[in-house]
Amino acid sequence: MTDSSIEAISPKAVAAALSRVRAQRPLVQCITNDVVQEITANVLLAAGMSPAMVPAPEEAAAFAQFAADALLCNVGTPSEENSRGMKLAAATMSEAGKPWTLDPVGAGGTAWRDDLISDLIDLRPTVIRGNGSEILACAGFAHQYKGVDSLDSSRSALDAAKALAQRSGGIVCVSGETDYATDGTRVLAAVGGNVMATLVVGTGCSLSALTAGFAAKAEDPLVATIACCQFVKRAAEIAGNASRGPGSFHDAYLDALYTLQPENFLEEAV
Amino acid sequence: MTDSSIEAISPKAVAAALSRVRAQRPLVQCITNDVVQEITANVLLAAGMSPAMVPAPEEAAAFAQFAADALLCNVGTPSEENSRGMKLAAATMSEAGKPWTLDPVGAGGTAWRDDLISDLIDLRPTVIRGNGSEILACAGFAHQYKGVDSLDSSRSALDAAKALAQRSGGIVCVSGETDYATDGTRVLAAVGGNVMATLVVGTGCSLSALTAGFAAKAEDPLVATIACCQFVKRAAEIAGNASRGPGSFHDAYLDALYTLQPENFLEEAV
Amino acid sequence: MTDSSIEAISPKAVAAALSRVRAQRPLVQCITNDVVQEITANVLLAAGMSPAMVPAPEEAAAFAQFAADALLCNVGTPSEENSRGMKLAAATMSEAGKPWTLDPVGAGGTAWRDDLISDLIDLRPTVIRGNGSEILACAGFAHQYKGVDSLDSSRSALDAAKALAQRSGGIVCVSGETDYATDGTRVLAAVGGNVMATLVVGTGCSLSALTAGFAAKAEDPLVATIACCQFVKRAAEIAGNASRGPGSFHDAYLDALYTLQPENFLEEAV
């Protein structure tokens, strides 16, 4: 961190956020893309949350109203139907004062997708989490584009993240070698991780789902968001040390999310 | 088993049922939710069956008619389209006298989903398999609700299972620490398993798919159903001993379903 | 190889094709079935490509036009919507002179599916890849049918493959114990592999996605296609030696796709 206005999240704050999640076991409703449904559910379960994939417009808002503690809207494979489900559920959560995360997968690609993302930002997501290129695109900044990959670093998207947070009124989180979360003023950072995570589909998408769960009943959603990122980066480090490639990394990552305890962060802090 | 009317399935019966499945390699048509498609196919393959996901209303009934040995209908992520596919395929199987299993995922949640479940029960499923809360909800008994998780034990849903079996005219199977299957009169039980299975999405949903395959050409579908549950509980035990968390459990579970042989149950019986 | 007109692909050609892929990192747009989305993305990532699942008719053609280097169309779980997406994207690729692969999953089953496959063949796929039964069915030859499994060997489908290649004007690739690729005249073969791959859903479907990426900017798409098959067979061999069942095979396979380098094939050639 050369920029003095950026603060690393403390191990103690990570431990506290993880303790809260493990105690509350939040029910996270997910309306996500067709590719990452299974890993998203498994990541939430491993971390100590209850996933429920409820995308259909016929029941998404009802479920958001009476059952969900948090919601994820991920636009990776939008359809007319799941788009309607997202808007109904997101509006319900915002009205009810419950947290939801928007993952703007592939932002800056097709006009159709960008329109959907813009509509969802207007519904005031608690957290917007994406990679550098996606956050730059969402904020209307210049960016590079290669499908769902990022060609822009998280650091290069930090000004865009702040501008976007000011527009959305919530938190914006940019993932990359270092993760950043900002409310438009404060900037917190999480470091570590393992590059192998970029070779397993859904590690980013499921991180977005986790941020929704961490924001549930959080005193400070900004701290909860970056604590979540730090928890995930630590799990990726452990998995990286225990694997030979993306196949074994995937399993080791789920195992690490499950075995990591708040104490592990406190020990580190000593 | 303190209740004398509940009988544990014998290892010999499990071995016989597994031998039949391995010899016949039944083709199981699956119309299931978006989250568990891959694990369901992999579990069927590992156990020695042929999966075929054929949900589209344009071809679901034709496939049920001329190709499928058994059918799974799982309402985890219902849509207008796959709901129609389920009804068409289920009606075809019932008319043709071929077995099908209903998995009423998330029963007792939204009215829209409960209506679909009720319509499917009217089509006379050979087996209804769910967790405690789902079976209680299907039977119209009081139950707790937290998305797709069960807050009610399988034991507490036994009376509901019997009542539901009498209504549906088929078998009802309740999963939990102990699994029970009933035809409304007889009750058989399967014991063992490993709690880690509850942290891997799709272990329950794929069990439902397996019960459909075990019921194909079975003399006694009640015995076939609980034999299937016992086979799966044994595989989960083996996997539990070979894993460190839900990631490694997932793989060890598929390996165990594949390596377990009828003889392994007969040895145990000695 | 008893048939003198069939030539085994050389290790040198495999090394060259793999080097090109690793250097170019092609962006492969996938419109594939609901079951294999995750493994397809992970296989592409492990092999060194960028996957992007973009099936919606609202954006599939635009993405094909401005972003995709190659395209996969897989009809495993067709719907009105993804069928439209496939046709729009495939037509765009053919017009732009960019490669795309058709995977005719379950060909020879329902009339509805066969009509879709026929429409896609008319759009001139660069590669058609399927198992023996599927290629026989696509070519209008007699075949056996059991859902998505093949009851016909790849060798028995070789004449059908040649006939189909002459009709489509592209390459046809038949997978099995030996893989064959033909442009209607030449026939190249890839050998090795491991039978465990048939017990993991999506190994065939993801091979089709890989062939699209290998064909991107290839001088000779026939050589690129069978080089891809040989790369995959080698990875399956390594995985087979490192696993105890289909669960551990799945991970070891992804690890092997990632760790295999062009040099490994050159060493073998010495």
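Per-chain numbering from 1; labels A, B and C assigned in written order.
Note that a residue touches a chain if its C-beta (ideal position, glycine included) is under 8 Å from a C-beta of that chain, and two chains touch if they have at least 3 such contacts.
The UniProt protein names, listed by chain, are A, B, C = Hydroxyethylthiazole kinase.
Everything quoted here is computed from the prediction, not taken from an experiment.
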**Prompt:** Which neighbours do chain A and chain B have in common?
**Reply:** C
**Rotation in the CA alignment of chain B with chain C, degrees, nearest 5** = 120
**Type of chain A:chain C copy interface by residue overlap (half), same or different** = different
**Request:** Please report how many Å separate the Cα centroid of chain A from that of chain C, as a whole number.
**Result:** 33
**Set of chain C residues in contact with two or more other chains** = 34, 37-38, 250-251
**For the chain B and chain A complex, residues of the former touching the latter** = 33-39, 76-80, 106, 109-113, 145-149, 198-202, 243-248, 250-251
**Prompt:** What residues of chain C sit close enough to touch chain A in their complex?
**Reply:** 27, 29, 34, 37-38, 41-42, 45-46, 50-56, 58-59, 62-63, 67, 81, 250-259
